[in-house]
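Okay, structure first, notes after.
Labels run A, B, C and D following the written order; every chain starts at residue 1.
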Amino acid sequence: MDLGTILQILDSTIRLATPLLFACLAGLFSERAGIVDIGLEGKMLAAAFLSAAVAALTGSVWIGLFAGIGASVALSLVHGLASITFRGNQLISGVAINFLASGLTVLIAQNLFQQGGRTPSLTGDARFSPIRLPFAAELRDVPVIGQLYSVLLSGHSLLVYVALICVPLSWWVLFRTRFGLRLRAVGENPAAVDTSGVSVVALRYAAVVICGVLTGLAGAYLATGLSAGFVKEMTAGRGFIALAALIFAKWRPVQALWATLLFGLLEAIANRYQSLELGGLVIPVQLMQALPYILTVIILAGFVGKAIPPRAGGQAYVKER
Amino acid sequence: MTITPDTGRQAQPAAPAFAIELRGICKAFGPVQANKDISIQVEKGTIHGIIGENGAGKSTLMSILYGFYRADQGEILIDGAPTQIADSQAAIRAGIGMVFQHFKLVENFTVLENVILGAEEGALLRPSLAKARRSLTDLAREYELNVDPDARIEDLSVGHQQRVEILKALYRQAEILILDEPTGVLTPAEADHLFRILRNLKREGKTIILITHKLREIMEITDNVSVMRRGEMTATLRTAEATPETLAELMVGRKVLLRVQKTPAQPGKPVLEVENLKVVDDKGVERLRGIDLSIRAGEILGIAGVAGNGQSELLEVLAGIATGTGTARLNGTALDLTGRTSDGQTRRASRVAHVPEDRHRRGLILDFAAWENVGFGYHNAVAYQKNALLMDNDALVRDTAAKMERFDIRPPNPRLAAKNFSGGNQQKIVLAREIESAPDLLLIGQPTRGVDIGAIEFIHQRIVALRDAGKAILLVSVELDEIMSLSDRIAVMFDGQIMGECLPQDADERQLGLMMAGMKGGSA
Amino acid sequence: EPGLVIDLGGKFDKSFNEAAYNGAQRWVQETGGTYREIEMQTEAQREQFVRRMAEAGANPIVVMGFQNASTLEQVAPDYPDTRFVLIDGVTDEPNVRSVVFAEHEGSYLVGMLAAMASETGTVSFVGGMDIPLIRRFACGYAQGARAANPDIAIIQNMTGTTPAAWNDPVRGGEITRAQISQGSDVVFAAAGGTGIGVLQTAADEGIYGIGVDSNQNYLFPGSVLTSMVKRVDNAVYEAFSEGPGLETGIVTMNLAAGGVGYALDEFNAELLTEEMLAAVDAAAEQIMAGELQVHDYMSDDTCPVN
Amino acid sequence: MERMPKWADTVLVPLISLLIAFVISGLVILAIGENPVEAMQIMVSGAIGSTYGWGYTLYYATNFMFTGLAVAVAFHAGLFNIGGEGQATLGGLGVAVVLLSVGWPHWTVALIAAMAGAALFGAAWAAIPAWLQARRGSHIVITTIMFNFIGAALLNYLLVNVMRPAGSMDPSSARFGVTLPGLHEVLALVGIPFSRATPANITFFIAILACVVVWALIWRTRLGFQIRAFGKSEPAAVYAGISPVRITMYAMLISGGLAGLMAINNVMGEANRLVMNAVEGAGFIGIAVALMGRSHPFGVFLAAILFGFLYQGGAELALWTSIPRELIIVIQALVILFTGALDNMVRLPIERIFAARGRRGV
């Protein structure tokens, strides 16, 4: 395997990791505030669809992007209503949201475009086109560094860079601002937040909305950046993998980057090689494709270091017994 | 003699400088009247003690003052001015700080982070942290409140965690500080340190409300003391004019101890023998520090003591729920305390019955019907099986109906869900189940907590009847009169150890009260 | 009235199913007749949908897709009076006409064009689901490319092993990028909906793509070199025209029968030079005349070149 | 504490939730420019207007009974099993393995063997997440979801590389030798004419039997008693000496076995061979069915029939209108949302109403 191939694989790793990264950070904000969200998958799907659909109709990827974010935030608020206001079961709520999305997207897509639940493929301004970083072309021939720069870093769509920026940004918000402190506190011990005179409900809604925005970006990238249009069920479990990455990352932004890159790499390899040959034995493509899910289980089983989730995760805050 | 609130003496003719005045506070939790028409005045710059049995309503009252709960009725005056305390924010603004019975700290945050939480300077943390760090060092100097600002809460001892709570309050410029059973979780040394801190605070003119069960503490540092019983404020007086005896009386109540008519015990052979029993909880704290005791057939051993001194652990390890070290022999054969080959089922098989302290959490399944709760734990009993496969629910229901009859459980409806019975009747369901399993040893905790007098008497008779049937009974209760009236022998527990033993006839409340408060009281 | 059962992917897949839909539409315009049409929704639904169409009394019923061979084996016997037409697959039920195409011949031609258009000397192929039918495409394509340029390098990838592989543009795009990184500058997509992703990426990365089934030249004008067209539309049109009386058995639509070919229209006119066209048409003549035998992968599950 | 009568809790609340779900679905149909009333008519006539429709309705209902029971049993133990999809998939594998391994003399013997295989494989697929939950505290919700994906990949591999007959192009196993008697044959015995063109088969009765058995298990056996106790309160269960680990394992094994049994219906009964994605989301519908049916076998039975109706009606809609069958997934989602997550939103007001009437009554 020559350097070029490796670069190509890493290049596609970055592309494929981006939606996972957005979703993972989304889950991070939500779970840090004590709201478990297995509805990431559904929100991503809804955002992917609406962004693609609106982009296709208006011809502007930007309008599409905002539509996608809107869709995901709307679902987030449903989740908030169920799990914060009505103290319902957060898992069931997430499951419901996943189905709602997978049903509605196809329903509306079919109704709008009659293409078997697909949107027309996006062209021109209707999708995010690659951005060539300055001097990418010039440096292309400089060995290693030049190639790294021009092949790996350069030539991705805007959202990839946004995602990368979101990592330090999330870290800063969570660990360097008042909001972050309170957000983390409400996920650990809401009573402490309450008795210090801060509204638990407001904080949790804020977290849920942030989660919605980030998931929206994930979905929008999937449909308008990574590919050019929406295909039914195109999230293909990425929402759940993002959750696993979140656990793997122990609910920390920077680790989230590495975790999602790992999953991205697995997918990139599975995409490139039908079946992988490792010293004689052939790994069938199906195993390659299942690898992310298997890895997820291994992570959840705590075989790669036990991760302590936010203590108040998954429970509604009830003051009086 | 009865002692009535004597406000006349408190109200200085000069200036009625009341930091806090509560008028007619009422609070009910569902059917539970936690506070009934409570009025109290707290003088500025004093330490005001509040004592009362478990469940008397102390925490509820203070939670209302701090805006954590909303009162159903009544008004609150701060420095003479009527103040609406809708939420904790309002309380903080009014200069009230509270240290809860169960700390409200974020375990994996540092001390600094916990202190600034909710009281940050601006959108960014850095300045707030810097400021907090400075004022923390000041406070530490001023009040001997030294804690490492960068330590994580979970790494701190309980005593230090408590200081963080106090610091939190002071950092928010609290003028009035409420401490709910602060020493319940402290070692004597830590407690002494706490009192030094409190005195310093008082010297700085702060007002302090101190909730406790422990007479020694009241006598030691309070200026005034109020006594609560069953949700009501029964008396307020100057500590100087009170004695441990009078307070113990007020706390336990003047009502005649309902002496259950019981013949003297005819103790038989020893049924339970415990030696050097130790229990360490998951936090690594030693809850039982070497217990030795033995109970004979036809004898009731009463364990007196303030809640949280290891009684619960004692019951649970004997019942096979918790694990411990040491030896415990039942009728001569050793019980497995490690939990490896033992659990609730094996204990029941070896004829140990257990009435747990918390009926809501352990003793009952509130959503189950009465008959299911009667079968609960005994679901494997042969009598309840129709055949190898199926349970005989009808038999169970019939049996339940009979038990309800015998225990006068109302309403006598086996199919009613447990949660719809009143506390007293819920408790009777548990008792019916455990007592009628005809055990050799009955472990029974707080048999009459949250139960009305009528039911109390009945329950007591049942326990004595079981004793007279030649069974051994280990009774744990925070209600002194209950211990006094039921036990054949009394052991007092404090801080995971048995302070001493005595016989009810030659024990008096005062002496017991002192031992419960950790004073190596009179002989055993 | 005739019925059309469209396979997964939908009638606007710009490819196989859309071709059938267009054929049906042409029949409607020319005869003014009406027909029933349903789209498969899920794998396990195939039987129910074909049955439902038969229950509804449609005749003849055109069923798209090789996967429905086994479906018809189940359903056809229950409706002996109904004539079924299976596109792209073979069953020997008495009341079924099986229409198969000589994809290897058409692929041979576009293979030649690819080789001639390639500057890097490397061309590639993206298949949908890895099945003999698609390998037949690949093999024909490879033979044509070799014929036009004996030392051309050919990269072949399949998208997957399940029907999902027909509908995975993202993966198609990734595979194409991989092939480009290996030097390919002409890619032939025989992958249904996945092909859209392939052609898309080809257009993005500035190389040539080759469409399949329908004429897909118009999708990305200037970057779709040509399309290997399969006249599914004709097959459907004929079936509809012949009506309930159509005779059954296996019908092979090859180059000679105008069943397959390469697409030339205003969108790719200036991409194909005179000599390219000359060479291809010559080859086509030979094939039709039987002078040139393009090896059919499915005849022995092997391919002479690769 | 004022509570509302049992019937309100078990009947009224779910019905109102269902009503809300339907109203919203109606709005969705309106939104995509179709007529809800017509749609309803098509669904009704298509699903129960003919024995043909009934056949499919009951066929789907049979699937949902198994998956619904699976979810319900887990719910009773306080566990949320979203893995029904994967467990049913593996159940199908079990059926195929059993039926393809040897030639079976008669369908009865084959059926029993196939049931064993289905339940075994389904349970096995549930066992790992169960163990991880009980011993390592891994979140069973996510692990079961992951096992759905892994199961799909596994089946994919086996169908493509192992079970696909030589020369066949589509990834599916060979046909089984034996077929189950169709519902029409059974009904013919009692002289009821029934469409022969439907996949409904004798499994329908097995499903009803399963409902009865599960009912007995949950409400009449020691294990059921312990499962319910553990599900209601773990501390209490520990007090009574009920082992959380053991109960978690048992409950999930039973749950997985039930989900696996669904394969008798769709794999052995309908397709009569193992095809890809044969479960078609029935595993997930089980969640809605269990929530609707309040985890009671009889409720599950009714809810399964309801969803069978929706499923077949939806297929008909997809057939003759431009409303895709995904409409059902939307309805399913709304049912889960309102009967599950937003339960309090529906319940609290009703409770208040009853409380008020109660007070006035007293």
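By our rule, a contact is a pair of C-beta atoms (placed from the backbone, for glycine too) under 8 Å apart; a residue touches a chain by one contact, two chains touch by 3 or more.
Note that the structure is predicted; figures quoted are calculated from it, not measured.
When chain pairs are compared by contacting C-beta pairs, A-D ranks highest. A straight line joining the Cα centres of subunit A and subunit B is 48 Å long. For this pair, subunit B with subunit C, the centres built from the Cα atoms lie 79 Å apart. Chain geometry summary: the mean Cα position of subunit A and that of subunit C are 36 Å apart. Counting only residues that touch two or more partner chains, subunit D has 156, 160, 324. Residues of subunit C in contact with two or more other chains: 39, 130, 161.
Touching of two or more other chains is recorded for no residue of subunit B.
Across the assembly, chains come into contact as A-B, A-C, A-D, B-D, C-D.
Interface residues of subunit D facing subunit B in the complex, by the touch rule stated above, are 1, 3, 216, 219-222, 225-226, 228-229, 232-233, 235-236, 238-243. The touching residues of subunit C, when paired with subunit A in their complex, are 8-13, 39, 130, 157-158, 160-161, 167-171, 173-175, 177-178, 181-182, 193, 196-197, 200, 204, 219-220.
On the side of subunit A, the complex with subunit D involves touching residues 38, 78, 81-83, 86-93, 95-100, 102-104, 106-108, 110-111, 114, 117, 237, 240, 243-244, 284, 286-287, 289-290, 293-294, 296-297, 300-302.
Listed in rising order, the residues of subunit B touching subunit D in the complex are 30-31, 319-321, 343-348, 354, 356, 361-368, 372, 375-377, 379-380, 385, 389-391, 393, 417, 419-420.
Subunit A contributes residues 175-182, 184-185, 188-189, 191-198, 311, 319-321 to its touches with subunit B in the complex.
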